[in-house]
Every structure is written in C-alpha cells, then in structure tokens.
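The following pair of complexes shares a single chain, chain A, combined with chain B in the former and chain C in the latter.
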Partner chain A sequence: MLDTELSIQSGMPAPFHAYQLDDAYDEMFSSAGRPRDHYKRLFRRLMELTPEELEERQQAADLSFLHQGITFTVYSDTRGTERIFPYDLLPRIISAAEWDTVERGLIQRITALNLFLHDIYHDAQILRDKVVPFDLVYSSKHYRREMRGLDVPHGIYITVVGTDLIRLPDGQFAVLEDNLRVPSGASYMLANRAVMKRVFPGLFRNYGIRPLDFYGQALLTTMRYLAPPASGDPSIVLLSPGVFNSAYFEHTFLARQMGIPLVEGRDLIVHDARVFMRTTSGLRPVNVIYRRIDDDFIDPLVFRKDSMLGVPGLFSAYRKGNVTLANAAGTGVADDKAIYAYVPAIIRYYLGEDAILPNIDTFLCSDSVQCSYVLDNLDSLVVKAVGESGGYGMLVGPHSTAEQREEFRRQIQANPRNFIAQPTINLSRAPCFLEGQVEARHVDLRPYILYGERVTIVPGGLTRVALRRGSLVVNSSQGGGSKDTWVLHE
Partner chain B sequence: MLYSVRHTTRFQYKLPVSEAITEIRMRPRDSEIQHCNLFRLTLRPQANALSFTDSLGNVVHHFSQPGVHQELQIVAESEVMVSAPPVLPASLDATAWAQNDEAAAAGDHWDMFQPSAYTTSTARLEALARELDVTRRDDPLTVLLALNAAIHRTFAYDATSTQVDSPIDDALLHRRGVCQDFTHIMLALVRNHLRLPARYVSGYLHHRRDDTSADGASHAWLEVFLPGLGWVGFDPTNNILAGERHIQVAIGRDYADVPPTRGVYKGGSGSELSVSVRVRPLHGSGGAAGTADAPLDDGSEPPVYRSTAQALQSSYAQAQQAAAQQQQQQQQQQ
Partner chain C sequence: MNSSMLSRVADSLYWMSRYLERADHVARQIDVHLTLVPEQATEAARKRRNRLIACLVGEGYPVEAVDSDYDLVHLLTFDEDNSNSIMRCVASARENARQVREQINTQMWEQINQLYLSVQGTSLEWLWQGQPHRFYHSINQDVYRFQGITDSRISRDQGWHFVQLGRYIERSAETADTLNVDFRELYSAALADDAGDQQTYLEWVGLLRGAAAYEAYSKVYMANVQPRFIIEFLLLNPEFPYSVHFGINMVQASLDALGALTDTHKSSRVFRLAGRLRAMLDFGQVDEIMDSGLGSYLLAIQNQSAQIHEAIYQTYINYPIDDKLAA
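And now, the complex of A and B:
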C-alpha cells in the first residue's frame, strides 16, 4: 500500500499519514511531526477531529459556496461552465513577524512602481538614466502613448494591486508577479473568510487572527480619495465587462460590499467630457470608475474601435480630469513580465533602498544571450508570455511534453520580446484536506494592496493552492483552488 | 505666405443616429515655420467643441451630439501663416548615417522608427525596395531625394484607386494610389530599409496646376529626422520637398494616429462622407505670381472627395455574440 509506505517515510500521525515533506518549504512543519509555533494549535485541533468530522465541515463549506453562487468560468474548457471555486478547508497561517516583512516589502514595491509609472509617462528620467532599457518600455503592449503628459489624481496610478508572492525553499517570501491592471480574487478572499468563520467558529475565535472584512469599505475610501476635486460627495461605480466575464461574480460581490452601482459600458454616456449613468430617474454624474475592463476596451474612440464594452468618449472625460479611472490607464507596462526583471533596480532608483522582497531570477528573451540560454534549457525553466496573466501562455518545463517545448521554441524565436523565463521554483507547501486526509500542496499568496491616501494592505490575502498532486500552477483557470489566510496578531 | 483654409466634412447617415461622439484633427499646428492665427469650428447639429493637445503637439477637438440626427456637418476654418523652411544643403556628410544611429541608440524618436499599422512590411514592399534599390549609400539626404522621385515615378496618382485607410498592399499591387499611399509606402521604406526616423503629416497643400495630387482634399506627406537639419518634409506624391505651400495639421506614426475625423455613434447603417478643402492665399502676403506658381483659383466650386464609409450593419444576435466574446477577453489577472 502506497499510503502505508508514505506514513512510514513521513513518520507523521493520522490524519497526516500521506503528508509529503521534502526540500520544498513546508508552511506547517519544520520537520516530520514538528509543527511550527503558529501552526501548533491547528495541528492539535486536527488531531482531535475524526476524518468524518472534517469531511462534514468540508461539505458544509462547499454547500455554502454553492448557495452563495461563488463561481468562476474556465474559458478553455469546452464545457464552458461556471464552476464552484474550489475551497480548501484548512487555513494557511502567517506569523506576525513574517507578515511585517511582507507588508513593508509590498509598500516599498508599490510605491516604487507607482513612481515608475508617473516617470515613464512624463519625463522618462529612468529611461534616460538607462536604468530600464527604453525599448522594453516603448515596445510593451500595455504602454499607452495616450497617457503621456496626463496627470492622474494624487499621482496614483495603481489603486488596486494584487501581488503574487511565493516562498522560496529557505522560507523567504519573494515576488513572482505584479498585477497592476485589474487584479481579481479579493472576493474569494472575503468569501473564504466568511465560510471559515462558519465551519471552524471556535478555533477561529481563539486564534488571534487579524480581520480583513473591512476590505470593501477600504476600497470605497480609497476610491473616494481619488475623486476629482470638484466632485463633492463623489459618485462611484464599478464598471464590469458583463455576465460572460470570468470574474463577474466578483464584480457583483464587490459592488455590493462597497454599496456602489454595478454598471456596464452601455449604462454610461459621455457628454461634453463628463460621464453620466443612465438611471430610471435620468442621468446621474459619475466621478470615479472602478473599472474591471482592460485599457484596450474602455473607449472605442481612443483604443480598440470594435469594443462593445467601453464608453465612447470616456477617455476625453478622463483626460480632462472629470472622471477618475481606477486603476489608471497604462499601468500594464509596469507588470509586463520583462519589466519585472528590473523592479529591484526601479526600487533602488526611486527610493534608494534595496528590495525587501526579492525577485525570482528572470531571463529576458529579448536579450540574445539570455534567449539562447532559455532555448537550451526549456525542459527545466518556466517560460511566460510577458503580457499575459492567469497562467495562460505559460510553459512549465519539467512538466512539459517535447511537443509543447517545440511550440514554445517556435513562438520564442518568432517574437523574443514577448517571452521571459524563470527557474522552476519549488513553491512552499501547506496542509490541505483532500479525500479524508491531510496532504501537502503547493501554495502562493496574493495580498491585496490599496493605494489611496495611504497604502492599505489587508492582512492576509488569497492563498491559492495547486490542488493536483505535484502541480505548481495555482491559477484558478488552471485547476487551482484557494484557502483562507490567517495573519496572527502576535 | 498667409492662407485661409476651409475644410468642410459632411456625414449623411442612411438612418438616424444618436449619442455621437466625434474627435477631429483639423487645427493647423503651430511650429517654428507655421502659425495658426485663427481657427473656427462650425458644427451641425450644434455642439460644444472642447479641445486638448496630444503628446505629439496636435490639437484635437472633440464634441458630443446626443440627440437624434441624420447629418453631421463640420466646417473648420483657419487662417495660417506659413514661412519657407530653411534651405537644404545639396547633400549631407556621409557620416550622417552614423550620427543617426547614435541618436537611435539613445532612444530618440523611438516610435518613428517602428513599423506601425500602415507601414508594416509586406512581400510587395520588399519587392519594391529591391526594385528601387533602397539601401544606405552616399548620405541620407541624397538617398531620400532620390526615393521621393522614384516613388513619384513608380506610382500613378488615382483618386479612385484606394481609400484613405487602404493598406499599402492595395497601392503596391496596382501601382496607383492617393497621397496617403505614397506617404505610407515611403514611410515604410525609410523606416525599415534606411532606418531613419520618419513621421506622417496630415495637412493641406496649396495646389498649383502642375501638382499631381488632387486639389480640394486634404493632403499627406512625411517628415524624416536628419542629423543637423531636424525634421525635413518630403512629398512623394508631387516629388517636392514640403515648403511654403504645405500646411501642417497633425503628425503621427501614420494615418491611423491622425485621421481628420473619428467618431462613434449609435444607430444608422452606414453613411456617406463628403469632404471639400479650399486653400486660398490671403492678399497682401506677398505670394509669388509666376505662371507655374499661379494658384488654382478659378472661382469654381472646389472638387469634392466622396466615399462611402463602411457599413456597420450587423444583426442584434451577432452583436450580442461579439460582446460576449469581448467580455471573455478581459484579463482579470486571476
């Protein structure tokens, strides 16, 4: 029996028989049978519960997600169905000291990236000083020439950020990706917490967990701060692409949390460079738009002509400062995966500090030397398309077929600027409740950062889990799930 | 030379439209050799024209007409002073190529080196480059003057052959086109084969009888940045350098950046566009009066450029499907 063999190897008590420990950092155990301090109480609790009791709680959680309609859509799936977002029962726990580093590191990074955006759309001093190659910026498909010289309220470009962090084998948190356009998933973070409180009420109450349910209000406060100065009590809306979008659930959820109207492009109209919302009682001015639509689609007059989701003339109102877009247009250039490689240099340039959270080594295919290294090592590297997200356009070398590698080789050679590669990182593992026992699965962490009058980081974020054994891909579009994330007071 | 320009644009829609938003680039630029003294815009239906200056220094006007209408008329009148650009040397030093490359390596004019929507190379363009032997030799100015003449010689001007927004391959296939085609083809060759920064200029030409391009329409040419000289205008349609008769309105990477009008509206099922442009020198500005220089001004109505804008007709079901697809395309950074 495989299970018995594993349990002998791991030396772990039930329900941890199949728990795998190796050179990946383990969130819960420092070594077999020895939980880390901040996991000890959870460990004891799991020993007390029978597998049946755990199973019941998992079912209660799943039902709760189903009843709330918390779903997402997988596009590549021919069934084209909405799915329940897979929720893992066990929390991921982060100590206060670890969180302190994460928080300082994120504030530093976001501050620098925001300064970078302002710079490249104004004097481009960082390009003149040759800290970042100008052609990398100008050739980014998310660089918006329309943003040159345009001033955004308080100089804030990236209002809502979801930075993907992973833990290196030594336990240190590192940044895997910056998501500066329309980061999603905050609704799952909130929903996970609500369900957790219901299925583990006692454990939750006594664990000393920092709250995160203020997120909706914090988001609203941040948006208010960004309102054009003359707007008085600002009118704020959430602009969604519509019901067919994978994150539509999140759009409805956040609009409700914030207490603001959920609109689509056709609900808005621009007249004389001002934005209005059509309501049953006539047109109502709009001052701030939390938009969940890509730049390309926001205004058919300025960007894609064929966009049916945007608002004609919206950019003219934006340019005049009559309406604020959050996030600003053109932020995608700073989360381009080729620019990512320069973020430590960007932090040093603007803040004169070393990056608190390190980057992952990155090879730029735009550089011919690095590119040939990448092509020679496709079987060991992770290759990513620079402008994509959500795990699309990605090759995980060690888990790829020869055919897939050839396909990427062809694509890289055709358009080297479009690709980067990174070593395959053995992400940290956290305990998950799977099929009646606790097993270790790879996780990452996406904290949500709000940049308004001050930078607010919700303690925790979305821990994403690669539920398939051995898988390193945590994206929900690629078979990932999520779990509640606890940041402790002490 | 002081000119008065009257640029009339009329859209007639087959069915009534509403919620129209329009952007226009019609105000002549201010530059070292050009000054726009006066600009007046008359719109029907009436609308409040607002403006901004884009990152290339073009003045863009925009306006909204929410009500139901079946015709849009834009009359842009301007008075603009154009002085002669500095006289060019007969040729440049051969080191100008190296100077250009040095500036390019520093990132100057990056956008104007890149292939853009209308200047991306095609097999036919490569064939033309071989035919005309477009390669770096002598000095940049000499090569450009020869290329300006060669394009003029190779292509026939034919106002009916292409639309303002046709891809260059249409003109390359039939060896005929309008000023936009001449300009895009030369832009593509200059950027891709000479690796010099070049930009598209949309504007007006005060026509003479011997000009190739049609009077009564807007005009297009290109400018190339040359070491020591700055931006120098070439007009391959007429095989001349841009001079006192060229009135600059907007500059961009190509036509796509600077169409005179761009609009979105609801309803309708296609429209007919008619455009007329009248450029007149104003008296007392010292215009030359030689036979060849005599402006074309016989008091007749200016010719009108007509085209049918592409029909935007699609069924409701098709539109719904397209919208659903776009909703799915939105990256939510999951």
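And now, the complex of A and C:
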C-alpha cells in the first residue's frame, strides 16, 4: 500500500519542498517523492510530524548536549559562552547489504595498511619491489626512523582507525582518507545515539538498528590484547593532552566507557625504562597507553623538545617493549595523502586482491606530469597538503578565489611533494532538519575500526554534515555538524 | 580491583568539593545579609557589609570601594577579580570536575554543569531588580543536590574521601572564620550594651543563619540566643554538620579510611595532626575558651587546619618521587 501511495506522488510533499535533488547521490530518495526502501519508515514518520514537533525535539537534543557539556567555548566578551557542536536530528540510514560491503572493504584495507607499516619499518620489501616509490615513504613527515626494526605486540600498528568514506554519484562508497594516527569523533557517534534515543524514541521502534554501545568494551578488549606479554593483568591508561585540548570531552568520555584512568603527561614518569603513574598510594606501573597525543609530542627526549604534554623517556620504555603505545608511533606515514594513491596497489601486493572500496582519483604533485595537470586545473580540483587533516591546508577549486588559487600555485611549486589533488566530488546528500523543513545536505561517513585479536567495526560511525547549503566541507572546524548513523540488521 | 587513584585526580576532587562548598557558603551569607539589612540602621549595615567582605574576600580588601549592597552583591557574586566570588567558585569547581570527568558520574557532572550555566546566564541587573533570594537559594539547592547525588551514588572509595575532605575542611574553616570576624566586633558591642538589644539579637541570628545553624540551634537552646551558646554550638557541638567539631571528626574519619585504602603508615604526620585537632575540640570547654580568649583559640584551629591540608598534599599528592621509588 505504501509503495503505491508514494509512487503516485510526482513531486515532493510538504516538509520536503526545498529538498534539492540533482547529480549528487541522495541517501533518502531514488527520485523525487520515491524514498529508498530503508528510508521509507523515516519518510512516513516525517510526513506525520509537524515542523513544531520536530523543532521541539531539536531543541531538546541541543539542550541535552549543553547540559552534558559536549561543548566548546567561544569568547566574545570576558565571560566565555558555551556552544554545542551542531547536531542534526534526522538519522542517516545504511542498509545491511551496503554495510556488508563497507565492512569487508575496511577490513581488507586496514589489514593491508598494517602489513605495509610492518614492512616499511622492517625489510621494506614493497619498496625494493618498486610498488611504492621509496622516496615517497622516506620523505613523508610522519615516517619515524626510530621505529625501524622495532617489533610491536602482535605486529599491530594501527589499533584504532577512523576511515573517511564518501559516496560517489553512483552510490558506491569510496575511501577519501585513511586516519591512522589519532582519529577522533567516536564519542560523538555514541553521544549522538544516546541523545537520539532520548528525544526521538518512537523513531527507533521496529526499525531494527544495530547497537553501538559495546564500543567502550571493545576498545578495552583491544587494548588488553596489545599489552606487553609480561604484564600480567595489564594496567591501561588513556593519555590526553589535557583539559585545553579540543577533544578533551572525547578523552574523558572514552576513559569512562573503558573504565580506565585518564592521565596527562605530568601524571607519568619513566624510571629504568618503565612507565609509572603517580597515585595516592605511590607509583603504579603502566603497561598500555591509549595515547591521544601525536607522535611529535609523546616524548621530548626523542621527538619535539619543546613538548610539555609528553613524558620524557617514554619512547625508550616503548622500544624496550615495556609499554605499548596504541596506535604505534610512525603510523602517519601510511595515511600520508600521497601514499593514499598507492593503497590499491598495496592491497594487491600484500593480499593479492582488488580493493573492495575504491580510492578517489589522485594526482601526485611530486610527479612532474601530474603536477602540471594540477596547476592547469586548479579551478576544478581539490588540492590537499599531504600531512594535514581536519580540513586544513585544503583548496576546493570550484569554490575558490583567484587569489587563493595563486597562493596554492606558489606553495605547490615551492614544495610539490607536499600536495596532491583530486577531482571535486559531489558528496552524497542526506535529509537534514533545518529551519522548519527538511533539506538535503552533503555528508560523509567515518566508521571506527578496532584492530586487536580480531578486527571490530562499529556498525555505522560518525556521519558528518556540511550544514551550509552547497558546502562540501564537513569538518567541525569549518561549519560542519553531525548526525546519528543507523545500520540496519537486515 | 582498580584501587589506585591518580594524585592529580585526588587534587581535583578535593578542590571541586571545596569550591562548591565555598560557593554554597557565600550564597548563604549574601542571602542572609540581604534579608537582614532592611531592618538595620545604616551604620550597623555598613559594618556588617565590611565584616562579610573580611570573611568572604579577605581581611585586606579595601572596603571603601564597596559602599552599597549593590556593590557587595557584585563583588561576592560576579566579580571576576575576586577569586571567591560565586561565579569564580562555581567556574573553578566545574573546571576541576571537568578534569576528572571520567572519575565522577554523569549525574554529578551534569548537576555541576547546570549550576555553572545558570550562574553564567544571570546578570547583576536582573538579579538586583528581581528576587535575589530566589537566585541564592537556588545555588544552595543546586549544591545540596550535587552533594545528594554524590552521597547516594558514588562508591566509598578514595575519590569519595577526597570529596569529603574538601567539603569538611572548607566548611569548618568557614565557620571558624565567621565566628572570628563576627565575635571580634559584636561581642564587645554586646558587652557594652545590655544583652537583649534588638539590633544585636538580629546580628546573632544572622551569624547563626549564615552558618546554616539557626533552626538546629533553636532545637538545642530554644530561642535563647546567647554568645556563649553560639560558640558552644558552632565550635564544639559534635552533632551539627556545620560545626567545627563535626567537620574535624569527618576529616579524621576520611583520613583514617584513606590511610587504610592506600596503606599509609599509621605514624604519618597527617594522622597526628588530625588527632591533635580533634582532641582539642573533643575536650574544649566553652567557658575556658572564652576566658582565655576566643580569638587565639580560633587562630589555633585555623593554623592546624592549614597544616592538615598541607600534610594531605605531602602524603598523597605532591610527595617526592624519590621516596616512592626506593620503596
């Protein structure tokens, strides 16, 4: 009944009047007025609710984030004002079949990247076989010479990964970025779900949504697996840069979910190549550190000397195998945006398989032919600095000014190794509740992958939304928000 | 199983608790003051204002700058430069709570966060033109709610005891402080006057109310408000939660529990200091105290409390690393 009812409607019903459908893949609609199967119930529900009811729930959700202190502070006068991270009320839904492909693709990719890291820090066979150019690896600013020949527990380098996926216009998921260092956002995924269940319980009924709650425990199990063999019942801590870090909420949230202490560099000391934390009952050993601090800052004796966040001597304890760092040091070389272009080849080299999740076409400015193509097409390409993340160091050609393009041209010519370019991809759009109606906005997806005794992927992940109309940038530093993400049981 | 606690966490829990207790105290004192002044002569009101500033901001504060209750309300509630203003206390409590967010439960955090947001969202003009009592009362209620959540929900582990230490060290210091400042001025005035003077009576009641003690006092002494009874009650009563004696008992109980939880040596200085102060209050007699000078007795209490605070830090928080490595 529902199908015929919907299919006879030619245009879009009331709350969708401003909904934009064009070349971009739409998560909800296959064509105007025709929702995809897994969105039908949400669609029907949206038709029943008045804008006032939706607005009320949006406000309840916002208030809940405010009261939980999931906020950042803006200083407009002497008193700081707390602002919440923008949150959209409407869930993004992924069918079981789609998720199956994503899951297999991610496991494949993570497995290969982990083998790649082990290889380049040991025999570097892949470089000798000229599958990946050796100068690309050794010139990466995240390559850590200090990691050569070091064996990490179970050969696992990338314990926690947050891969950024987008949908191509044909609906296929593709990998935009591998985040292998200190990916963040898992707490927002969990908080979004908790708030959503509170303010919109009716929507969940009978929808068959896969749960996320086990993330904290899975993270703990993964970390325990990585403990140095001699540590018995391991003592695990989360190392945070401290309360001024923008991800501090996430650190406290995850530490609580895992039931482990959150420590700062000043809580730890290294003595005789062993790590201890300063407690009320004296010094207690530490075996595994889930560190949320970049390589550069973990040990001022080895990396940046001016770091106040790290622990002097930590790396020597790590080298001796007395403490595990997760993620391992030096993983950033494998999410370098220039190495990214070689990931399909890396997968083929180690696993003998084709990549399940495709890459986005990538032009390497380190290659002179590709570089001149990039320089000729700055107005249509997206240019990215290879070692950056978070939407920084990026030029979106079609939305750029001539001045910005000139600035990038200068930078690319000065240091071509530092840049790559990709065609501007029209990210898929999903329905969002904005100013009283439902509008389409561009989204991406960051699933979280845990690599321990086995690979665990949380169903879904963090869907980030470019809330500004027409914008393709989903980063929270650039006006992006997020929404709950549902993966269906079937 | 997970019995150890970071020293930094202990430090934050302790100060979170102290700052909340202080915010509660300041709110109650202003509230009492604003309900008393309408019935006071100008000069008495000015003196009272100055005493409040001495107690709640510090003895050295230039009181000339504060020549109205409007100024006083600003100074004690919102002034960013006064580290003991309610706003600063609540912000500091929240900042400490934020640093140990994974250690306190969600309800505690949300309660403290809501208190912070409500103080931040209040302006001086709105408060002054409206109903100040409602605002100050709501701060007291929020703090009680926080303490209620804490008492009913968290395990009696080390964290709990550091929260208790913060609360009761702060509370007894405040009660001792109030007694000290008020008695210095009011007692001599009362001796000069005939006891029973209506203005003085008002002041004594204000003193009791400011220490959250008026109703509890009346149950013990009826409405017979006498200086020596007030001292006996606020200083030596072992059953009243805002008395100095009660506070020190709680401090000692938590120190004992912490000693057991952390295997601290029984002869440690921190236990001796707490035992000594407790004995002084256990055996104190109000007549003797008043004969030999209340001021010096209160000074001794304040000094010993400060020493206990320092000893807690030396034992659990700022200990030298080398001592522990050798062990």
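Quick note on the criterion: the second predicted complex is superposed on the first by the 468 of 490 C-alpha atoms of A that agree within 3 Å, B and C clash if a C-alpha of one lies under 4 Å from a C-alpha of the other, contacts with A are read in each partner's own complex, and residues count from 1 in each chain.
Methods note: a residue touches a chain if its C-beta (ideal position, glycine included) is under 8 Å from a C-beta of that chain, and two chains touch if they have at least 3 such contacts.
Please read all numbers here as calculations on a predicted model, not as lab measurements.
Asks: Following superposition onto chain A, is the placement of chain B relative to chain C best described as a clash or a fit?
Replies: Chain B/chain C on chain A - fit side by side.
Asks: Counting only touches as set out at the top, which of chain B and chain C does A:V396 meet: first, second, both, neither?
Replies: A:V396 sits against neither chain B nor chain C.
Asks: On the chain A superposition, what angle, as a multiple of 10 degrees, is formed at chain A by the C-alpha centres of chain B and chain C?
Replies: 90
Asks: Is A:R292 contacted by the first partner chain B, the second partner chain C, both or neither?
Replies: first
Asks: Give one of first, second, both or neither to describe whether A:V182 is in contact with chain B, with chain C, with both, or with none.
Replies: first
Asks: Between chain B and chain C, whom does A:V243 touch in the aligned arrangement: first, second, both, or neither?
Replies: The answer is both, since A:V243 touches chain B and chain C.
Asks: Does the superposition put A:D135 against chain B (first), chain C (second), both, or neither?
Replies: first
Asks: Contacts for A:R148 in the overlay, against chain B (first) and chain C (second): which applies, first, second, both or neither?
Replies: Touch partner of A:R148: chain B, not chain C.
Asks: According to the stated criteria, A:L49 is in contact with first (chain B), second (chain C), both, or neither; which is it?
Replies: The answer is neither, since A:L49 touches no partner chain.
Asks: Spot which of chain B and chain C makes contact with more residues of chain A, would you?
Replies: Touching more residues of chain A than the other partner does is B.
Asks: If you stack the two complexes on chain A, which partner ends up touching A:Q68: first (chain B), second (chain C), both, or neither?
Replies: second
Asks: For A:A32 in the superposed arrangement: first (chain B), second (chain C), both or neither?
Replies: So A:A32 meets neither chain B nor chain C here.
Asks: Upon superposition of the two complexes, what minimum C-alpha distance (Å) separates chain B from chain C?
Replies: Nearest C-alpha pair, chain B versus chain C: 5 Å apart.
Asks: Same chain A residues contacting chain B and chain C, which ones?
Replies: The overlap between the chain B and chain C interfaces on chain A comprises residues 242-243, 269, 271.
Asks: List the residues on chain C that touch chain A in their complex, please.
Replies: Checking each residue of chain C against chain A gives 2-10, 80, 95, 98-99, 101-102, 106, 109-110, 113-114, 117, 120, 158, 258, 261-264, 316-317, 319, 321, 324-325, 327.
Asks: Which positions of chain B touch chain A when the two form their complex?
Replies: Residues 19, 21, 23, 48, 50, 52, 54-55, 62-64, 66, 107, 110-111, 114, 262-264, 319, 322-334 of chain B touch chain A in their complex.
Asks: Show me the residue ranges of chain A that touch chain C in the complex, using the header's touch definition.
Replies: Within the complex, chain A contacts chain C at residues 66-69, 78-79, 81-82, 242-243, 248-249, 252-253, 255-256, 259, 261-264, 266-267, 269, 271, 277-284.
Asks: Once bound in the complex, which stretches of chain A touch chain B?
Replies: The touching residues are 72-73, 75, 127-128, 134-135, 138-139, 145-146, 148-149, 162, 179, 181-185, 241-247, 250, 269-273, 292-294, 297, 300-301, 306-309, 312-313, 316, 319-320, 388-391, 475-477.
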